[in-house]
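Worksheet for the structure shown next.
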Amino acid sequence: MRLDVILRVTTKLILPFMLLFAVYVQFHGDYGPGGGFQAGTIAAAGFILYGLIFGLPAMMRFVPAAIVEALIPLGVLIFAGVGVYSMLNGGNFLDYSHLEHDPVHGQEWGVFLVELGVFITVSSTMIAIFYAFAGRGRGE
Amino acid sequence: MLQHLPVLQVMVPLFGALVAALSRRPGPSWLVMTAASWIALAISVTLMHQVLTGGVISYHIGGWDPSLGIEYRVDVFSALILVLVSGIAAVSAPFAHRSVASEIPEDRIAWFYTMYLLALTGLLGIAITGDAFNAFVFLEVSSLSSYALIALGRDRRALVAAYQYLILGTIGATFYVIGVGFLYVTTGTLNLGLIGERLAAVESTRPVLTALAFITVGISLKLALFPLHVWLPNAYAYAPSTATVFLAATATKVAIYLFVRYLFTVFGDRFVFAELPIQQVLIVLSVAAIFGAGAVAIFQSDVKRMFAYSSVAQIGYITLGIAIATQTGLTGGIVHVINHGLIKGALFMALGAVALQVRHCHIEELAGLGQKMPLTMSALVVAGLGLIGVPGTVGFISKWYLIVASFEVGWWWLAVLIVASSLLTVVYVGRVVEAVWFREPSEVARGAREAPLSMLIPMWLLAGATVFFGIDANLTAGIAAKAAAALLGSPG
Amino acid sequence: MLAAATIAIVRVRNLFAVAVLFGIYSFLMAGVLIALDAVDVAMTEASVGAGVSTVLMLGTLYLTKTEESKPLHSAMLPLFVAGVTGAALIWGVSALPPFGEANTALQVMGPDYMDRSVKETGIPNVVTAVLGSYRGYDTLGETTVIFTAGIAVFLLLRKSSGRKRREND
Amino acid sequence: MIDVFSELASHYNQYITVFLMVAGLYIVIARGNMVKKLVGLSLFQTSVYLLYISPAKIVGGTAPIVDPRFAVYSNPLPHVLILTAIVVGIATLALGLALVVRINEAYGSIEEDEIFERDQDH
């Protein structure tokens, strides 16, 4: 319990930086290593750390389970939606060149949106899996 | 929009799965599932029509050339598998409504349908893709969702069955990836067609043979080829009825598709069958499957398990046709893929209807059900006759092709074995029929009532198809023959 | 590399340290991957293998048991299977082109993503470009796999709201 | 360091890969503990990464991020494939572990032999 104070404060201090780092990894993926998947894992790890220190109920208030559940399909929906959208714009499925007038620009946009979809699904799935495991008491 | 059909074939069930997951209520999710699977069926039938009239369809996802990106490729064989898979899914949709409601807790039904649609997505994705690694990804989509579907069975043994399937399925998939890795390192491409072309230049070097070995073993695990079938009986026996219907009729069939695709299109039949002892090995294993699994099926008291073992035996017939590797033999194998899908779909639907009434499919509990559920039990008998191969049913067509094929290559003993093996089928189907029609109703059977229409119609649709295509086989066998000709004619 | 391998052997013994060892193993693997110039993969392996998997394993062990009992049956069959697999792999692998060569089939005949990526997509990290665009469909499949796993874990582990889902004959 | 290794034995990498694969596969088949089996399975899958990544490396090359200072890069495509494979691996592991948790609740054991015994009883 005494240690708790330190842990709580540190966690609160660290959490914004972890999320910031996740965002950096997400957006810097075009130029350096990183991308939606890695960023999603880091962000989820940040939230899970919060949950470990402050307890499951506090985390669920912070990130409600219902929202997490809805976010999992949403990420895939964004991804596949980009595919369909490029199809409606006259290209093939997932052909980002047709998203903008300039094909290269379209590609950049496409990859960006797709990575966003990956990020959403990955981070929310990780949190959901954490909820599922943690919500289960010790067996028997 | 018509030129986008190949990708829509896979995307429609995927979107369905997403919407079903978002809806989270049983009713809407069932509607979404039904709509998505019927649209998928319509698309696959259209694709089949396009292929038959206009030849092979190639669709470049993302607009990239196949050497850069991923290609979807539909030929007669893959279109046939697409129609089978989406057809079974569509026909099972009305059946699922009551069955799932009685077997799955209400708060999980929406997710059950999500998984069901994901399994459909994965299976269609494997059958349509022209890319080795993409096939792996969709293989995993279908596998993971099947594990979850199986684990939802009412019996706790369903959990263990799902776990065992997960272990063996993942080993199989990893073997497959290893094999693809070898192919990729030697050819520098992942496109199945391009691999086939480039392999012609490097044939019979050691990495290629290793790739062949690993891909064959990996897919054999998935298609439950005889010694690698251990996961199948329990998985089918303890899964929820709807999952059993769908998976038994489609999952192994798609693995067979991939198997044939690799042997004939990628490695080339000349290379595989002329220079390596694969033919002999495959024939021995197939015959062992037919007799071994058939014999085990006789001694099962759980009817669901009995028919699961029967599936292993029936897969033996299919691989036998593939191993003969002549036009007639391959046609027999492919036509049996379809026929067995129809038969097993009808059989497991009948058992699903029984499960609604008596909860377990123990043969003692089925006794006398013929009086209480005459329509369901008649469907069971019709499909059972198809399993035996009685003239006038689809089973006869498949066996006819196989027997003719064995005579053509001069293996009369193989023909004798095929006929003899039917006796095993007679015994176990006979056991069920005897119990159902000629015995006094058991205690539980007395309270049973006829299945609801939503189950009877799909069941009889499939049972009727086994008779219809048994009498007029031009459609199925004709398409199968075209597929076989295309596979054999493809350049090694 | 060697260290990773030896740890793999140590792990063949039992206990709950296995989970921690697995984490260490993943970190080493990530190190090797960096040496092989696969920075993106290394980053993912470090976060997934060493992070997520280890946490999941520890969580499972907390929910179940931490001791492994001695296997009862003989190890002959598994040894045989593993041995045959290993032999087949060595046989195939030894005929592959030597490590680090530039003019192998993979390098020569493979697609020239490096040259075209910036021109066509404007993205200098070619791994991201291939992942997002050229083989974007694989990535969609991959995201679907995650989605499948997430829902599947839910299905299995979420407490039912109403009656308890315990069966038995 | 890798340079030294590659001079010592040109297939060193691949042999280690094979060793890891076989070790993983052995754990999966031989062990009865369900968690241990899953660890073995992960090991088996992880070793495949090296099979793909090793051939992509060119000695003297660098990571596949376009930069005017470098001319030789390792091949990016295997990296992408393996990223996907990692994700598939963790998904399988998560599902497998979830199953183990449920099995433990239903049987009170995670040893395969014990579970089979308990099913024989009834």
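A few remarks follow.
Labels for the chains are A, B, C and D, by order of writing; each one numbers its residues from 1.
The rule is short, and it goes like this: contacts are C-beta pairs under 8 Å (C-beta built on N, C-alpha and C of every residue); 3 or more make two chains touch, one makes a residue touch a chain.
The structure displayed is predicted, hence computed values, not measured ones.
Among the pairs A-D and C-D, the greater number of C-beta contacts is found at C-D. Taking the mean of C-alpha positions as each chain's centre, the chain lying farthest from the centre of chain B is A. One inter-chain figure worth recording: chain A and chain D are separated by 24 Å, centre to centre, where each centre is the mean of the chain's CA atoms. Distance between chain C and chain D, defined via averaged C-alpha coordinates, is recorded as 4 Å. Chain centres here are Cα averages; for chain B and chain D they lie 29 Å apart. The centroid of the Cα atoms in chain A and the matching centroid in chain B are 36 Å apart. Annotation for chain B: residues touching 2 or more other chains are 14, 17-18, 21, 61-62, 133, 137, 140, 144, 147-148, 151, 156, 178, 184-185. Counting partner chains per residue, chain A has residues 31-33, 37, 69, 72-73, 76, 80, 83, 93-94, 96, 129, 132-133, 136, 139 touching two or more of them. Chain contacts: chain C has residues 39-40, 44, 48, 52, 56, 59-60, 63-64, 89, 93-94, 96-97, 104, 106-107, 110-111, 113, 124-125, 127, 129, 131, 133, 135-139, 141-142, 144-149, 151-154, 156-157, 169 touching two or more partner chains.
Taken pairwise by the contact criterion, the protein chains are fully connected, each one touching every other.
Only residues 1-2, 4-5, 8-9, 11-12, 14, 18-19, 22, 25-26, 29, 32-33, 35-41, 44-45, 48-49, 52-53, 56-57, 59-61, 63-65, 68-69, 71-73, 75, 77-79, 81-83, 85-86, 89-90, 93-94, 96-102, 104, 106-107, 110-111, 113-114, 117-118, 124-127, 129-131, 135, 138-139, 141-142, 145-146, 148-149, 152-153, 156-157, 166, 169 of chain C touch chain D when the two sit together in their complex. In the complex of the two chains, the chain D residues touching chain C come out as 1-3, 5-6, 10-27, 29-33, 35-36, 38-39, 42-43, 46, 49-50, 53-59, 61-67, 72-84, 86-95, 97-102, 104, 106, 109-111, 113, 122.
Listed in rising order, the residues of chain C touching chain A in the complex are 39-40, 42-44, 47-48, 51-52, 55-56, 59-60, 62-64, 119-125, 127-129, 131-133, 136-137, 139-140, 142-144, 146-147, 149-151, 153-154, 156-159. By the touch criterion stated above, chain A contacts chain B in their complex at residues 69-70, 72-74, 76-77, 80, 83-84, 87, 91-98. Interface residues of chain D, counted against chain B in their complex, comprise 21, 25, 28, 34, 37-38, 41, 44-45, 48, 51-52, 55, 77-78, 81, 84-85, 88, 91-92, 95-96, 99-100, 102-103, 106-107, 115, 119.
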